[in-house]
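In what follows, a structure is listed as structure tokens, so that the remarks can point back to it.
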Amino acid sequence: MYKAGILGATGAVGQKFIRLLENHDWFKIQALGASERSAGKPYKEAANWIESTPMPKKIADLEVRNCVSSDFDDVDFVFSGLDSSVASEVERDFAEAGIPVISNAKNYRTDPSVPLLIPEVNPDHIDLIKTQTFTEDGSGWIVTNPNCVAVPLAMSLRPLYDNFGLKSVIVTSMQAISGAGYPGVPSLDILGNVVPFIGGEESKIVEEPLKLLGKFKEGAIEHASFPVQATATRVPVLNGHLLSVTAELEKDADEQEVKKALKEWKSPIANFRLPTAPNYPLHLYDNDYYPQPRLHADSESGMQTAIGRVRKSNVLSISYVAMAHNTIRGAAGGAILNAELLVKKNYIYK
Amino acid sequence: MYKAGILGATGAVGQKFIRLLENHDWFKIQALGASERSAGKPYKEAANWIESTPMPKKIADLEVRNCVSSDFDDVDFVFSGLDSSVASEVERDFAEAGIPVISNAKNYRTDPSVPLLIPEVNPDHIDLIKTQTFTEDGSGWIVTNPNCVAVPLAMSLRPLYDNFGLKSVIVTSMQAISGAGYPGVPSLDILGNVVPFIGGEESKIVEEPLKLLGKFKEGAIEHASFPVQATATRVPVLNGHLLSVTAELEKDADEQEVKKALKEWKSPIANFRLPTAPNYPLHLYDNDYYPQPRLHADSESGMQTAIGRVRKSNVLSISYVAMAHNTIRGAAGGAILNAELLVKKNYIYK
Amino acid sequence: MYKAGILGATGAVGQKFIRLLENHDWFKIQALGASERSAGKPYKEAANWIESTPMPKKIADLEVRNCVSSDFDDVDFVFSGLDSSVASEVERDFAEAGIPVISNAKNYRTDPSVPLLIPEVNPDHIDLIKTQTFTEDGSGWIVTNPNCVAVPLAMSLRPLYDNFGLKSVIVTSMQAISGAGYPGVPSLDILGNVVPFIGGEESKIVEEPLKLLGKFKEGAIEHASFPVQATATRVPVLNGHLLSVTAELEKDADEQEVKKALKEWKSPIANFRLPTAPNYPLHLYDNDYYPQPRLHADSESGMQTAIGRVRKSNVLSISYVAMAHNTIRGAAGGAILNAELLVKKNYIYK
Amino acid sequence: MYKAGILGATGAVGQKFIRLLENHDWFKIQALGASERSAGKPYKEAANWIESTPMPKKIADLEVRNCVSSDFDDVDFVFSGLDSSVASEVERDFAEAGIPVISNAKNYRTDPSVPLLIPEVNPDHIDLIKTQTFTEDGSGWIVTNPNCVAVPLAMSLRPLYDNFGLKSVIVTSMQAISGAGYPGVPSLDILGNVVPFIGGEESKIVEEPLKLLGKFKEGAIEHASFPVQATATRVPVLNGHLLSVTAELEKDADEQEVKKALKEWKSPIANFRLPTAPNYPLHLYDNDYYPQPRLHADSESGMQTAIGRVRKSNVLSISYVAMAHNTIRGAAGGAILNAELLVKKNYIYK
């Protein structure tokens, strides 16, 4: 078993890491880090547990540590669910100390030397790690996973980009409340309502897919270059971001060709049998009323991206909806899958 | 007072007509029509009242009539909230009997001789009535109001179309449950959920704005001709359809020019002082988080179309959100405003 | 017009005061007070406006003051929507300065010299003011309104207590999210959920009705003395607390007698024609499915208490449900009605 | 494997049976029965599948049969999720044909010869089967499971009744929408709302616990005899009925004694290791804010009854809340557990 630390362990993302790692085949939770206010307390006292399954017994009595690398010399790597206000500094500290950081924070996503990774989309970007200079021997590095809307967007665009090319993408997202963490969205704002804006979200939706679909060439990522336009809205849904997408393809394709490309797409990591990898990373629904967040966000343990309503657009080329579990596929689960691929690729070792 | 009949009086739209007409300055409810099952009963026994204000006392004891023109010879005109399964025949019967029909049903919306009317958008289309041949003397005719998404869409596009021209429009709607009538959407389908499809809705959103923005020329409507693409979704909101719109303009315009066009747009019926006309048919919000259905659907008694998030699109020209109360502005209230304009234009008389 | 100040003007209760007073016949808002952080700013900058109607124009530019009596020498009285953490000190300061305080805060509710007032329930308690010693000349005093569950509970118990006597009451409340203020209840806690506890709520439900139904005798309130048991739960409802009540009467009464007592109850302030007083403070529904918070909380501008499902209990004597708008009847609206009665009784003057 | 038939297989309860039996250790689905309209069709065409997991492949192509015993001669027993409008006749037909019926319908619950069974509450009632006369050889019989509120109520009352005796019980239920089946509760009725009545529900809550807690004596059930009063309300919750309970005990007991009785209660079927039996049928939460339907309804695969807020009542003896998954523990899951006990007790055989 690899020994994992969790930074930001008391927050919503940190708690999701703990729940998803509870019975993990490869990783055991060795250490939990949180803010100074929590440090020194047993986890059960430091955390306001919001997951619906009980706090794992082994975790409850773990003493929370400060998020400094010197307190984590007994781990093989760390997951970071840190708030962006502190992630830059803390993650750098860990990387410089030779501790690999698998981060859900946004801070290093745009760093040219840091992989923004979805194993099924751009596994080859991993080798960008070699360009990082946190340590001389390369033992410390940072890998990030994307924004929770960028994940299902990039997952669904990957087959389209490869088969037909992309000229532009317009997306309206309907995002679940869990995306805002806890306490997050006040109920007075969202009960029976839609809020047509989420601060800071749209620029990530616009930029991250371009890095994700980019080409790794001569030690750098050459970003894809089509324009993306995003309208991010919040809806009273618990889990699962739903995207309404319209795309202009470079090469003409009808509905059937697009569906075929989506159905026949093969995950590049299918053969690795990673514990958290879904059997069907992309699922195409034919029923017009599917996918729905409440019915389908948990499919394949929350790791599947669902697509539906694929049809010709009479303005651009093609239109469809996509949906994925935002705190699993789009956050902690995605980070864990990243770690698994990094183990497989020998970047993480005991 | 003009004497109005209401066809389909026991349904959700019919009840909304009754509530909105309760204290109307010009119209009094003279007669209520419903299906054979209800005919002969006092209204209070025939209807399962779902409005939140009490059933008006005067209405409660009115005997429900059959929806046949011969039973309505004491009215000046009728509002129709009929189901589309019967509206074609019943509305024709009334028109042929010389009783004007102001209809919320979809059946005659695409008829070339029938105005599809939003008073603030295309008041001149009214004269299409003169091309109708239901009666020899022109006393019987039909006027329709548009689909509840087409209303805020056309309201918001009117100033853009007039100032800049339109080349294409892409819209994703987030529609309230009240749009499906009663019992309508099962709670098991929509609580904490989004359904990415509404049967029969998207074609109306695609087609109706083109007639609404069309030109009345030589006795016929020349439809506008740009393509519209629609994705209609259902969200757990009570009232108010929210639209995420992206449009390509013919003439280049920046964000400020578009905002100016929206702000400076003048309603062509502002001087008529119609009782149901909102003071500000279009309201432009600057706050990125507005408009929201729960906060703003009732603005100006549910007759205002709210616009927000106007900004340059990096794919097409411009993007914004629009919202209006679907059962008031988008249905019964819109029909009543149509009737008021028709009175003003001397199409309805005692 | 009487000049009113509002303390805690930027909070949820303060905003409700502002909205309800916007077009008040007797009161005009003269001054707004809030925390030091807000003081000195125009209200529109200090407040995060959460009401669905726009911020009144006259209010938007009012400069927010500190909540100290010396800054409020131009008002005839103040409404207090202060947080309980500061209300004790601030309200005392105002009272001692000779400025009457109509408070929604809980701090002085249990003070033996302070009226806990519902005009329709215990208007005679007002004279308790005379026992207050904040000022020598009696010009400064405090009057409070009850907890938002205690209001509909006391309203519904008043006729029962007077006609039959009460031996005990058991109540389960289902409380709206607006009762927790803003940001208040996190949406992750309440969407599609019920929380079976509200901190600090149950003791108020148990105690306040006893003071409200108490007798004013020889300068003091002799509390009613029956036991009340409360279970306070939170439900995903916007406005309107619903109570399931079972009561043991002292005198035997059947369902019809209890209904008769509720129907025939006369408000003791009916003849005063206070602007905010509902025409029917108690409304008894016969439809088993009524009252419902979403349909009926706004009845009579949110000032009516609705009762339904009155029936014999096979454990205690009688069972019923009661419901009232928690932030209007149960908070700001109740306080305004208190102020109106105090004007009528010549406690407030210009 | 025992071969099970499912009657009413296309309805909400029938679908839940199918999902819960998909990977059952002892039972395989041999036959599906539904109305004439569905009979003859493959299940995937007959059913509007509403479960969130996909329809099991093996089931999809099963041909739906008519609900007549002669079409089910290849099953060892049937589960009935029939509507009460047809259950009386159909279930009798099966029993008379020698096919055991494990029914979720209410029709035979009050029949003196039919066990109303919760394995953890009254397993000995099973032998009532011997008094049934559907067949001469006893091969055909009916066993029922209780109403979905009666289940957690009886589960929680069992230890109290046994330890302290019960004099009376008052319960207010907050019931999930799934309890009404599909399409069930219209979203317009329940979104952001509470409905204070559920037709036909309260009498079951009042009566069924008395049979469940009754004594099996000389071939008959001697019902428990304390009065129960119920107020059944509907809340916008997906799964999980929450009950606010206040009870009068015969023997005085303080909070600690009651908690001890609940904690130390042993399930009488613990040693049978039935596949669907939860490890902890009763769980007592100490956190005042627990249990919550959305967090805890799925505990132990939806088979656990959760209890919280145990405390002295100042009116009756004791008060608490209880919660269980209404369509699993309170319906299909409960019926399956009944079947397992009946296998163990040799009432069902191949």
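A, B, C and D are the chain letters, set down in written order, and residue numbers restart from 1 in every chain.
Operating definition for what follows: contacts are C-beta pairs under 8 Å (C-beta built on N, C-alpha and C of every residue); 3 or more make two chains touch, one makes a residue touch a chain.
Small disclaimer: the values here were computed from a predicted structure and weren't measured.
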item: Most distant chain from chain A, judged by the mean position of its C-alpha atoms; value: C
item: Chain pair with more C-beta contacts, A-B versus A-C; value: A-B
item: Centre-to-centre distance between chain C and chain A (centres being mean Cα positions), rounded to whole Å; value: 48
item: Distance between the centres, which are taken as Cα means, of chain C and chain B, whole angstrom; value: 40
item: Separation of mean Cα positions, chain B and chain A [Å, integer]; value: 43
item: Set of chain D residues in contact with two or more other chains; value: 191-192, 236, 238, 294-295
item: Complex contact set, residues of chain A against chain B; value: 168-170, 172, 174, 191-197, 199, 206, 227-229, 231, 233, 235-238, 242, 244, 246, 248, 288-295, 308-309, 313-316, 319, 321
item: Chain A residues within the chain C interface of the complex; value: 50, 177-178, 182-192, 236, 238
item: Chain B residues within the chain C interface of the complex; value: 52, 191-192, 238, 294-296, 298
